[in-house]
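Take a look at the structures below.
Below are two complexes that have subunit A in common, paired first with subunit B and then with subunit C.
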Partner chain A sequence: MINRRAIIVETPRTPLSGMEDGQRHGQFYLMTRRFTRNKMAVVALVFLVALILSAIFSDYLTPYDSSKQDLSARFLYPSLAHLMGTDDFGRDIFTRVLEGGRISLLVSVISVGISTVLAVVLGSIAGYFGGTVDNVIMRVMDIFIAIPGLLMAMAISAALGTGLVNTAIALAVSAVAPLVRQIRSSILLLKNQEFIEASKAFGAGDARIIITHVLHNIMAPLIVQISLRLGDTIMAIAGLSFLGLGVQPPTPEWGNMVAAGRDYIRQFWPIVTFPGVAVAVTMLAFNLLGDGLRDAMDPRMKR
Partner chain B sequence: MNVLEIKDLSIRFHTDTGVVQAVNHIDLNLKQGETLGLVGETGAGKTTTALGVLNLVQSPPGEITSGEIVYKGKDMLKLKKHEMHAIRGGEISMIFQDPMTALNPVLTVGEQITEVISLHQTCSKAEATRHMVDMLEKVRIPAQRADDYPHQFSGGMKQRVVIAMALACHPKLIIADEPTTALDVTIQAQVLDMINQLKKESDTSLLLITHDLGVVAESCERAAIMYAGEIVEMGSVEDIFDHTAHPYTKGLFNSIPSLDKEIERLKPIEGLMPDPTNLPKGCKFHPRCPFALELPVCSQEEPRNFEVTPGHFVKCHRCSNWAETLTMEEKEGEDNG
Partner chain C sequence: MTKYIFRRILMLIPVLIGVVVIIFTINFFSKVSPAVLLVGANATPELLAAKEAELGIDRPYLVQLASYFWNIIAHGTLGTSYVYRQPVWDLISVRLLVTIKIGFCAAMFSAIIGIPLGILAAVKQNSIFDYASTIVAIVMAALPSFWVCLMLMLFFGMQLKVVPISGLPNWKGYLMPIIATGMMPVAMTMRMTRSSMLEVIRQDYIRTARAKGLKESTVIFKHALKNALIPVLTVVGMNLGLSMTGSVISETIFNIPGLGLLMNNSIAQKDFITTQGCVLVAAIIVCVMNLVTDLAYAFVDPRIKAQYSSGRRPPKKSGKEAAA
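Up next is the complex of A and B:
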């Protein structure tokens, strides 16, 4: 028999990189540090914060009223008085873009909030328990996936009627199914891992395992998804409003501003360009933020 | 007093290719403070047995088709869900094979140990944290590392964290499922020493699952040898090592290379483990058994458990006539000498 009582070597603990100074930092600090290394994500975050603040305080930022018509000041090109010019009714485009941002952000946050909660509940039940429950939930989701998202949102908003809340609901419902699928598939990967079995062996119940172990593990991808969904939803709101099914004029919204200005696209560029750019830049910012968060939140990232 | 008694336990898995007979009518008991080694090849049903004890066999496809698992007079298979949760981790704990995957990568080790404590003990958060720090120090991990994540630890340290989790609630029985297989040899010895020492301190029983006979020799008082879902030989470590009776156990010992002798080739047991969906008739080992040809009964009838000496059980037809086996053993002794 081989002698197994080999010399036991107590390995001295080597300090981890970044801790040479003996300082130990909280996880949040490390996450923030990782996040701030990604310059694009920081720029995106600053932009989004500015957008949110300007949406909240738009009433104080410009001297104009978004719906006040001034027929003597139609089709003005950008100037110091009108940063983005004026539209066909003489309304200040800058004011309308800021206020349109308020509507877009509000609707997309509500809509993504609804769809995330629904998707987390349905996805974790389907993924964790499997079997018949899984089958029923996923087949229903398949029906939803079979219908193109924008088409479904159009149908729902046509049925519910237009308006802020209805637009949010329509977009939420059409976004649930793909998110449920993603959550379910992350959970399927997770649930056969040994640490899930280990926590069962340590006496944890199903609810506790789902909340502390499973959801904790999919948090990073979920936050990235939420961030990406917010961008997509802003695009979809603009799309619906452009088609006349979302937010109705005269309430300013980026989509309906583009729709209203599209007749003048050849003669007067500011009227479609600024709301269009606002949609594009906001979406880009959400995507960059999502990427930055994903890199920063993974504790296994060693940079 | 027996802490754990397994009686006639059978576990099947229903798969597309057939019914896998993973565990077949095994009997096992474990006394207070005792260490029992459960030895067998990969696929012999060791882990399934362990999961069966905690009623963790996934169903479907798994199913416990017969038997009783009696822990302190209660049949584990008939407990209600919340009673089961109280026992798991609180009274019976499990140490898993691979510490790399047995810890949740996104929670700090401190949080994970605290979670086990708060699952089983009603105490304030501060008390749980204090207890967690004690446990970490018991497994010789400095307390300030409690806020680190599993990926910041080495394999041996992770396994010590798992041990701390398993012992946190002072269980009466620990099931260690190949606790050292994923570790390198020096760390293996360290981890085994630690398990043994902590076990002695708290008078816990230990069911040590392994495929390493060296580990059994070092840590166990009794051993059970598993083959194709059956326990073919069970007895004290002396019985198993010095009075080996079952041909499979003998084969296992013969396949360990000797340090003293210069040999060209290893001596494996001929043949392969039978397909668990299609186990052979009679003795499960007869297709590989060097003695099967002598006794036609081996391929016809399943052998009984013979108690050859008190406490030493062997599931082999040859033992129906113990005297004959003894003479053969002496003959072998002469051959070797």
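Up next is the complex of A and C:
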């Protein structure tokens, strides 16, 4: 039986921004307030800040060295001395997970940085100028979109060779096309609005209009996308490294830690569990943060 | 309509030519020559050069590219594998069916699980069920597929011993890869169904239907669902394309002889011409699935069909819709 009341009674929507506050407070204040109302997003943000700090200070957080082998302390179960136990070489898993977080974050930030810059340049040229330039850029992007991201990243990192920077480049190239499409379509919506016309009338050049007016207005969806992309990229790095095409051991990375622990999965659960959980929780945090940011920056999109 | 389908198929050709050029270029500029692995690391430079000449990879870029295209057009093959010494298409064709089976079943699995759960969550909005299913969907979308594969293997394969842990000895071998590949699509389908259902439920015609005194189940299943499922169709179509190529990881872990495993092995063996073939076939699958989805749209939504038959340019799928 379907609950009739649940459908008929519309849920009270959260007030959009508090109109009466609009005069007293700036956009940023309202946005922050909407964001902090979303508890899950705040928790996600706190977690990510902690992750970033632990990535920076991982050397000081644990007494162990992530690469130091101690064959007398192999396969220790989690205890106070080793929070997540030790792996097949007697290395502290907790230290390696923290260190792996540093690598994952670093590669992810580089990769998303490259792809965002490329996508903003290509997307705004295509969207703003239109015509032949637009056509050429978008047809090339169609080709890139046709190649599935993971396969593209695998092929590129096979050709470039493995390593941190190459992994970042491989993932960046495979992520550019969808982002270009998105930026272009948000610019198309903006392009014909009055304020753009007005600045043209004032004699502003194309570059100036794009940088100060157009990009400024697509910032909100872009930031949301960046947050979601960071999560996706961390997952993709782990996937590539798991297949042996990303970050190579002995550099600890969540994906290659899982791959290395695969053989011991039956006898010793911590070795595969913790790095996997680390990927999942980080991805989850970036997704929740992205959702929270979207709701905060664009309340109309709230579902 | 036929004209439209024909035009869409024609439009695939330049895209696929572009795919070949890109993937060929990536492989051409590879730092490691495929010949190195074949002759061994200690081989003399003369031996290496001879091997490269034999494989035809010492020729200039354009010559190689042209001969690759010529192979496809004139012989219908995708070149000869460096390692297996067999036509690449023969290698792919025997494996393709396995991957298609897994991908198709994973997409169906995601639709069968995701759509009903999404409808329920929307109908019972803000109930415990709604929150629980949303949390499950968010968590499912965050689990890395390689890890899910390993955990499924550990639990069902090693502890309960109900499914084989490697290869395809019987039909049960398909179960784990299908579930692992379908995990993310389930979450996507569920969230899409929920949000699209919620949008439809608030519309006037639903209120009218209720006001007429129709049964709630009639309102939901006959009136709301039809419109709510249109955007879901896009997601299911995308899932079809994605899961056929997303099975690389599950095929590698469960050692299933499909396109993904072939691709992964070919990369490990620097058998780039096979990699090229695999990527091309995967791109064709994705393009065809996108085309089928667009056509299915026209069948489901008479408004779109009317646009096609009136000869106007069909509206492009907006980026937002595709991303949602």
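The working rule: the second predicted complex is superposed on the first by the 266 of 303 C-alpha atoms of A that agree within 3 Å, B and C clash if a C-alpha of one lies under 4 Å from a C-alpha of the other, contacts with A are read in each partner's own complex, and residues count from 1 in each chain.
Definition applied: a contact is a pair of C-beta atoms (placed from the backbone, for glycine too) under 8 Å apart; a residue touches a chain by one contact, two chains touch by 3 or more.
All of these numbers come straight from a predicted model, not from anything done at the bench.
Enquirer: Is A:52 touching anything from subunit B or subunit C once the two structures are fitted on A? First, second, both or neither.
Expert: Touch partners of A:52: none, neither subunit B nor subunit C.
Enquirer: Using the touch definition from the top, say if A:212 reaches subunit B (first), subunit C (second), both or neither.
Expert: So A:212 only meets subunit B here.
Enquirer: Which partner does A:164 reach: the first (subunit B), the second (subunit C), both, or neither?
Expert: So A:164 meets neither subunit B nor subunit C here.
Enquirer: For A:193, using the defined touch cut-off, is the partner it touches subunit B, subunit C, both, or neither? Pick first, second, both or neither.
Expert: Touch partner of A:193: subunit B, not subunit C.
Enquirer: First (subunit B), second (subunit C), both or neither: which does A:202 touch?
Expert: Touch partner of A:202: subunit B, not subunit C.
Enquirer: Quick check for you: in the superposed arrangement, does A:118 touch first (subunit B), second (subunit C), both or neither?
Expert: Neither partner.
Enquirer: Is subunit A touched at more residues by subunit B or by subunit C?
Expert: Greater contact footprint in residues on subunit A: C.
Enquirer: In the superposed arrangement, what residues of subunit A touch both subunit B and subunit C?
Expert: Overlap of subunit B and subunit C footprints on subunit A: residues 2, 4, 6-8, 11.
Enquirer: Which stretch or stretches of subunit C touch subunit A in the complex?
Expert: 14-16, 18-19, 22-23, 26-27, 29-32, 123-127, 138-139, 141-147, 150-151, 153-154, 158, 195, 198, 201-202, 210, 216-217, 220, 241-242, 245-246, 248-249, 252, 263-264, 267-268, 270, 272, 275, 278-279, 282-283, 286-287, 318-320, 322-323
Enquirer: Inside the complex, what are the residues of subunit A that reach subunit C?
Expert: Against subunit C, the touching part of subunit A is residues 2-4, 6-8, 10-11, 139-140, 142-144, 146-148, 150-152, 154-156, 158-161, 178, 181-182, 184-186, 231, 235, 238-239, 242-245, 255, 258-259, 262, 265-266, 272, 276, 279-281, 283-284, 287-288, 303.
Enquirer: Within the complex, which stretch of subunit B touches subunit A?
Expert: 54, 56, 81, 85-90, 93-94, 96-98, 101-108, 115-116, 119-120, 142, 144, 147, 149, 151-152, 154, 162, 165-166, 185-186, 188-190, 192-193, 213-215, 217-218, 256, 259
Enquirer: Along subunit A, where are the residues that touch subunit B in the complex?
Expert: Within the complex, subunit A touches subunit B at residues 1-2, 4-9, 11, 13, 16, 24, 26-27, 193-195, 197-205, 208, 212-213, 216-217, 219-220, 299-300.
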